[in-house]
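Below you will find the structure I want to go over with you.
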Amino acid sequence: MIHRRTMFADLEIPGNLFSEGSPYTFMGLPSDAEAFKSARVVILPVPYDGTTTFVPGTREGPRAIIMASRELEPYDEETETEPWRQGIFTLPELPVKISSPREMVERVKQAGLFILKHGKIPIMLGGEHLMTLGLVSSLKEFYSSENITVLHLDAHADLREEYQGSPWSNACVARRILELYPLVSVGIRSLTREEHDLVRRKAIPFYPAAQLHEKPALWNSIVENLSDNVYITIDLDVFDPSVMPSVGTPEPGGLGWYEVTGLLKQICLKRNVLGCDIMELKPIPGMVAPDFLAAKLVYKLCAYLYRRKGDLRPLDKDLTNC
Amino acid sequence: MIHRRTMFADLEIPGNLFSEGSPYTFMGLPSDAEAFKSARVVILPVPYDGTTTFVPGTREGPRAIIMASRELEPYDEETETEPWRQGIFTLPELPVKISSPREMVERVKQAGLFILKHGKIPIMLGGEHLMTLGLVSSLKEFYSSENITVLHLDAHADLREEYQGSPWSNACVARRILELYPLVSVGIRSLTREEHDLVRRKAIPFYPAAQLHEKPALWNSIVENLSDNVYITIDLDVFDPSVMPSVGTPEPGGLGWYEVTGLLKQICLKRNVLGCDIMELKPIPGMVAPDFLAAKLVYKLCAYLYRRKGDLRPLDKDLTNC
Amino acid sequence: MIHRRTMFADLEIPGNLFSEGSPYTFMGLPSDAEAFKSARVVILPVPYDGTTTFVPGTREGPRAIIMASRELEPYDEETETEPWRQGIFTLPELPVKISSPREMVERVKQAGLFILKHGKIPIMLGGEHLMTLGLVSSLKEFYSSENITVLHLDAHADLREEYQGSPWSNACVARRILELYPLVSVGIRSLTREEHDLVRRKAIPFYPAAQLHEKPALWNSIVENLSDNVYITIDLDVFDPSVMPSVGTPEPGGLGWYEVTGLLKQICLKRNVLGCDIMELKPIPGMVAPDFLAAKLVYKLCAYLYRRKGDLRPLDKDLTNC
Amino acid sequence: MIHRRTMFADLEIPGNLFSEGSPYTFMGLPSDAEAFKSARVVILPVPYDGTTTFVPGTREGPRAIIMASRELEPYDEETETEPWRQGIFTLPELPVKISSPREMVERVKQAGLFILKHGKIPIMLGGEHLMTLGLVSSLKEFYSSENITVLHLDAHADLREEYQGSPWSNACVARRILELYPLVSVGIRSLTREEHDLVRRKAIPFYPAAQLHEKPALWNSIVENLSDNVYITIDLDVFDPSVMPSVGTPEPGGLGWYEVTGLLKQICLKRNVLGCDIMELKPIPGMVAPDFLAAKLVYKLCAYLYRRKGDLRPLDKDLTNC
Amino acid sequence: MIHRRTMFADLEIPGNLFSEGSPYTFMGLPSDAEAFKSARVVILPVPYDGTTTFVPGTREGPRAIIMASRELEPYDEETETEPWRQGIFTLPELPVKISSPREMVERVKQAGLFILKHGKIPIMLGGEHLMTLGLVSSLKEFYSSENITVLHLDAHADLREEYQGSPWSNACVARRILELYPLVSVGIRSLTREEHDLVRRKAIPFYPAAQLHEKPALWNSIVENLSDNVYITIDLDVFDPSVMPSVGTPEPGGLGWYEVTGLLKQICLKRNVLGCDIMELKPIPGMVAPDFLAAKLVYKLCAYLYRRKGDLRPLDKDLTNC
Amino acid sequence: MIHRRTMFADLEIPGNLFSEGSPYTFMGLPSDAEAFKSARVVILPVPYDGTTTFVPGTREGPRAIIMASRELEPYDEETETEPWRQGIFTLPELPVKISSPREMVERVKQAGLFILKHGKIPIMLGGEHLMTLGLVSSLKEFYSSENITVLHLDAHADLREEYQGSPWSNACVARRILELYPLVSVGIRSLTREEHDLVRRKAIPFYPAAQLHEKPALWNSIVENLSDNVYITIDLDVFDPSVMPSVGTPEPGGLGWYEVTGLLKQICLKRNVLGCDIMELKPIPGMVAPDFLAAKLVYKLCAYLYRRKGDLRPLDKDLTNC
């Protein structure tokens, strides 16, 4: 059981009545200033879906992940750790700015800088994929280092120059990121001819879902294409719709649970992960399994980050046995 | 049965096989150029919900209304007419522009001008309420006449100066309209203190739902506050959520079917209605009754418009007995 | 706009980035110790549904009310007040004890005593109706005064001696309460022959929904049957299922929004209300209107309590104009 | 509590373990041969929806009513009776015949004759409205008496000569019935011009919903148009969609719970009711209130039938004049 | 982006306002006479579900596929083609005839002949599986050639002699087809003992899902059992319910996306495909992934057909590089 | 087709009208005393979910399985048998006792003893997993034999000493069982550190899902860890959520259909299975595939039991060829 501080510590409550009552944070972990200071990972919920195309509602994604996270088992049986002990702090939802997608991206960037400046690892919960541009922009500003690669897990290339009258669309986010950092794309199974040409022209390391399906050995080559430092952006539609139907633009033929987590574990063991995001959850009312998968994916990332070999920011203490 | 022209007229089809097969237009009415020319009413579907706040998904409203309209009975028993005979033409969905809400408003204005210039009455299907500003702006540009009043049926005042960082929000649409035309608001039951003060300061004719509930006589005074020419904007949340749960921001204590249609009939009999909209339908999957109500409301408006006493554009022929 | 304190007050955040980001409390109001101290009303969420009979899931009621409350307009147009200014504090969800319903009732009683001892008015959010017994028991223990009546709004008499092998069932809650305080029951339209006999034998003031429907004058007599001090328990199935389908045991022929709120206003004006509860919300996935109605009902209660004539605890300052 | 016979009477079961376990019959009442013999009312579930037009799924109506009926309170507080004591027997679902709607109508007729020949009152649960023709046909064959009127509660006139290429459609059921018996139609708010003309030409007593809404006094005249013997057919879409959204073709502006039950009570007090049906329930997954309304309506009918003119069992045989 | 002709070509519209607004056709492709003439593939939507057994609602399948198809990427990354360029024309929904299933089959046959006579390849969207008999019958009449095999992908054998009182049921469709053409059945995992015996007696090439699961090599033998010319009928329940839950009779243990598309590609490369159908989609409200899978399957078929080696009707122009 | 006895055998019904009308039992099989006597398997539905944690509603599981079972094909193609011929009798739902979980466990134990004493194999349908303790307790009391192993298929270890204030929780069921019999756990992918330690300390044969995924050979070793006599408890969340989303606590990375059924077949061939249960189905409204999977799993168990090598109770007659 996770031990929680309560605001009632100094009040006289019979039997410590509310001590287990968990706040609406990731796993119900504490949300006070002390918790922020000692946290290693900071969750940034961004309930924005202004440019979503097909099924609306990814604004409800962050909340659904947080709600489902309250049912997570604190112990991760795979790594034999309790990742919450490293400190996972949940920020309040980032307020939406509707004036234009670009201004919302800027707001995410400011939030990202706030997290990075405090020496934390940001994990953003979306919300639509365009927001990734904001967090990647904050990395660009914060780190002088150039050797960062963005690992892009998605069913879609997201490499359009413009979509629905704007270059600031979730369908263009990888294109915008490409202007900042090198990209490695995994799981793609929907793209335009123009995107296809761009991939070839720019020689973007590109791993379509169908190829990974036919040649499992390809999985091993992905890590090799990454620089020492990595940002991971996960559009949840990279998963097969059978395990993740709760996305706005599902595409058949996607990846499985062990494939994605296996890849993430490899990357965290061999590279420095500076930040991540889990985007595009559009909860289906009455269907909780996909929300829980997303929450467990966040926690798996925490577990893998916890264990990783190197780090830009040193771990203060060994938490492995606490 | 509605008779339909088909594209197969000149092809040899056994038994006129597809003649009843209705296209996905309002009531399945024809969508060719001839139909456009003879139509008196033009339906403009605007599947945009970029600034929606609570429940997302009003982008699906126009489609749901059109689908439900296919089940409408062509005959209107109340007026003893068949309103479809006056010609109801459905435009394709207006493409969404995501760059900013303001640009989408401009696009709606262009579409409105297109309809008005061809001498048709526009009925917009939303989509979010902010779009009303586009259609009202097209009226402002098209008509030199100044004596137009906007009748605003809504649960919310929509009179905020700004919301979520923008003056172009559905929560501000009545405030923006007020900069163009006088306003009469009916059915309101949610507003801010600032909006409340504005209503008093500007002496906006204002009919809260609770007052209409207590003093039914108030209904009669609404028409008197309207100028000769009227634009009617209906935020579907003006209805009670019992009959219209499929909106993004439902408010208890709303109006009933006979109250709203009774009011609309009075207005159409006594004033010139230059355009209307039915906004904010957010379909609930698996629940068709509210979608059908919205479709029938559109058709009721057509029936009332059909019968109305005067008209800026004369009716060419008497359709009453056709 | 509600002004919120944030935990980031002492951190350097560009543009006060998160200041609007609302926590998952009623209306997103502050949840720190300062907020608790200055609050007049304390919300107690009890996500327990261990003895529910028909449709399971009232455990999700408190969360759904809190989520919907975030969309409430801070200003109440009926009373022309902003009730949140009196201070509304949301406790964390009361942890569930599954060993037996009776032990859970005891836990609610302890929570109620905690609230009462700090001089606050409790408003419980359910969760199943049996929990009311816990809160009423805390009143019994806290107040020496005997002249308290429990006003019971419900579709069901809840007067069974035992149900499904236990006297601690939601179907027995009014019977258990009757052992503590006099009862006035309003809106009932389902009861057993035995309950019917008990009502007559004990001369319980009893207002079936059908009678209120036929003789509206009866509404006025309800208040007269109440003592000076009142506890109000609202089983949401007292409403008609058209406005409140999201209950475990819906019954046709129930009360309307203005009927229930009109009664509550009268009571708050003429009696001292020591506590209330809103029970038995079982959210229907994808249908937000009933959740919002429940949230608005809570806020209406706050508005009425705010304005009431007398009070066991005097109001420190006049908040009417703030 | 309803006492039930069990098949385990002669087996040695500790503590009469299963005695409360209710079978899947109306209210979980016994389904053995003894129960059939002593029953006065026989429920006939007909899960057929072969000619349904808009929303499919009325085949699931009978099952949903039976499931919901298990939550009914045995005691009817309005009549102060326990209607189940007169004996309510539930037949197994009538097997569907898909070859043609006409053959399914014939099958219903045979089932109706089976019930009538055993001296029972049939209450059919639908399933689509066309099936009513089968049960009315069985009355025509069974009773020599000619003075039977069919009371038709519906949102639609159902008076088309033919629909979708067949005279055997739910849209034509009243027209087919009219060939057998006089008709009185109540609650109609959707019809074709041809149906409208037919009503006038044949002088069918016709009570549109809008007229009942404006002139409540009309309700009293309905009974006067009925002959001594009556068959009641209820298309559930006669109700307003706010209380009954679970139909295939909802129409706004319908009747309320107390209006319909008030009318049914008057008829049962003043006329002989020879049979009834409750048709067109199309359950909405996850929404139980409308199913329960339909079940309670069936039970209300039993209560009214129970109380008519004189009773308290045993009714010997001739039910025609009771 | 797909270029679309609009009816407004000759009207003066500012900025070509509606040019992107897509009609409700497959992928929003043009639906005028010119489009019909140049199309190679013709989509025939058949919204009929008169004989469906378990879950009703396959009538909504065609519409759901068409709606989802609007989100398809025009470019097919696997074949590196843009299949829409070969011309895909969507007919209006075939009007339903309810008089009997047999008459509806006849209507489909007439529609099939209409398509075949114009030299197009029909792709039918269902709707229930029985309708396949209509399209296969049109092939039988149109082609003198005898060497056609029907490839049947399904979870069920559909080989019953009769079901629910009729030989014209979706449960009998393969039996009826067998009277016209040889059959190859793939993916079966539910059949009766009688069907099992028939398969052996008639030596029907039969590939149960479990065998394909255990011996992947079997996949290669399927094509060998097909004659030069092939009709492909796909009952969507052939897929595993994890990827395709939206069918009326789901069966666990079905096929995957790459298995089915891999097989279809092989067939299109090595055989002449004269027509296809995608049947039995019963959309689940609020769950769009299965509808999209069905739409993408249709488009995959178009891509494979586009590329195929031989053809009864020569391709006029090489579209491969356009 | 399954032949059914009807209660109408001695009544004069035209054309044996209701003979196919199936009762609401597993597969609609007879529910009379004769059927009980000749049955080999007895289905025990236990609609209890008092201690469920995450998503409520497993009380609806038994009913959903029974409803779905009516669509099962009587013939099992894998074993080439018709398992229903061995006799499958469905008891009425076990009435719920809400006083405490422990008392409900006791009630299940009594029901289990009733079944065992009549020489039948019990298959329990849940309802929550804690109920397994009741049925296992009945085995403990009934069989003197000590060599029984409980095979536990689950995503969760369920080995907590206590949960939510009680040792009688579904989260503790395996721990309670361990006090009675040895345990073999398969498919686990969520457990606490304490549970993990207990597994090691007690050397419980433990097969996490991830290991089975990586080393398929492990499957073979499971049977070797079982004693001659086996009780099988299946928490449906052992399946991957893609095929079984309808559970209260879904966990990604679970087992597939052929994996689970393959294991069950092996066990039934090599061990004596004395009883089983299928627990934790929480139906998702409108989604029938998971309910059907659970029903087919029950029937698969019957098929495997039917065929098994040895038996504590000899099979009276060879049913293999009937």
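As written, the chain order gives the labels A, B, C, D, E and F, with residue 1 at the start of each chain.
As a convention for this text, a contact is a pair of C-beta atoms (placed from the backbone, for glycine too) under 8 Å apart; a residue touches a chain by one contact, two chains touch by 3 or more.
In UniProt terms, the chains line up like this: A, B, C, D, E, F = Agmatinase.
Just so we're clear, the structure is a prediction, and the values are computed from it rather than from any experiment.
Within the contact network of the assembly, the step distance from subunit C (Agmatinase) to subunit D (Agmatinase) comes to 1. Two copies of one chain, subunit A (Agmatinase) and subunit B (Agmatinase), touch each other, and the residues they use overlap strongly: the shared fraction of interface numbers exceeds half. When you average the Cα atoms of each chain and compare centres, the chain farthest from subunit A (Agmatinase) turns out to be D. More than half of the contact pairs of C-D, counted by residue number, reappear in one of A-C, B-C or B-E; that pair is B-C. Centre-to-centre, using mean CA coordinates, subunit A (Agmatinase) is 38 Å away from subunit F (Agmatinase).
Computed centre separation for the pair subunit C (Agmatinase)/subunit E (Agmatinase) is 55 angstrom, with centres defined by C-alpha atoms. Among the residues of subunit B (Agmatinase), those touching two or more other chains are numbered 95, 240, 242-243, 285-287.
Annotation, chain-chain contacts: A-B, A-C, A-E, A-F, B-C, B-D, B-E, C-D, C-F, D-E, D-F, E-F (touch as defined at the top).
Subunit D (Agmatinase) contributes residues 53-55, 188-193, 196, 208, 210, 213, 240-243, 245, 247, 249-253, 284-285, 287 to its touches with subunit B (Agmatinase) in the complex. Per the touch definition, subunit B (Agmatinase) reaches subunit D (Agmatinase) in the complex via residues 71, 73-75, 77-78, 80, 82, 240, 242-243, 257-258, 261, 286-290, 292-293, 296.
Residues 49-51, 56-57, 59-60, 95-101, 103, 163-166, 168-169, 285 of subunit A (Agmatinase) are the ones touching subunit B (Agmatinase) in the complex.
Taken together, the subunit F (Agmatinase) residues at the contact with subunit D (Agmatinase) in this complex read 6-7, 10-11, 13-15, 17-18, 20-24, 31-33, 36, 63, 67, 91-95, 107, 110-111, 113-114, 118, 285-286.
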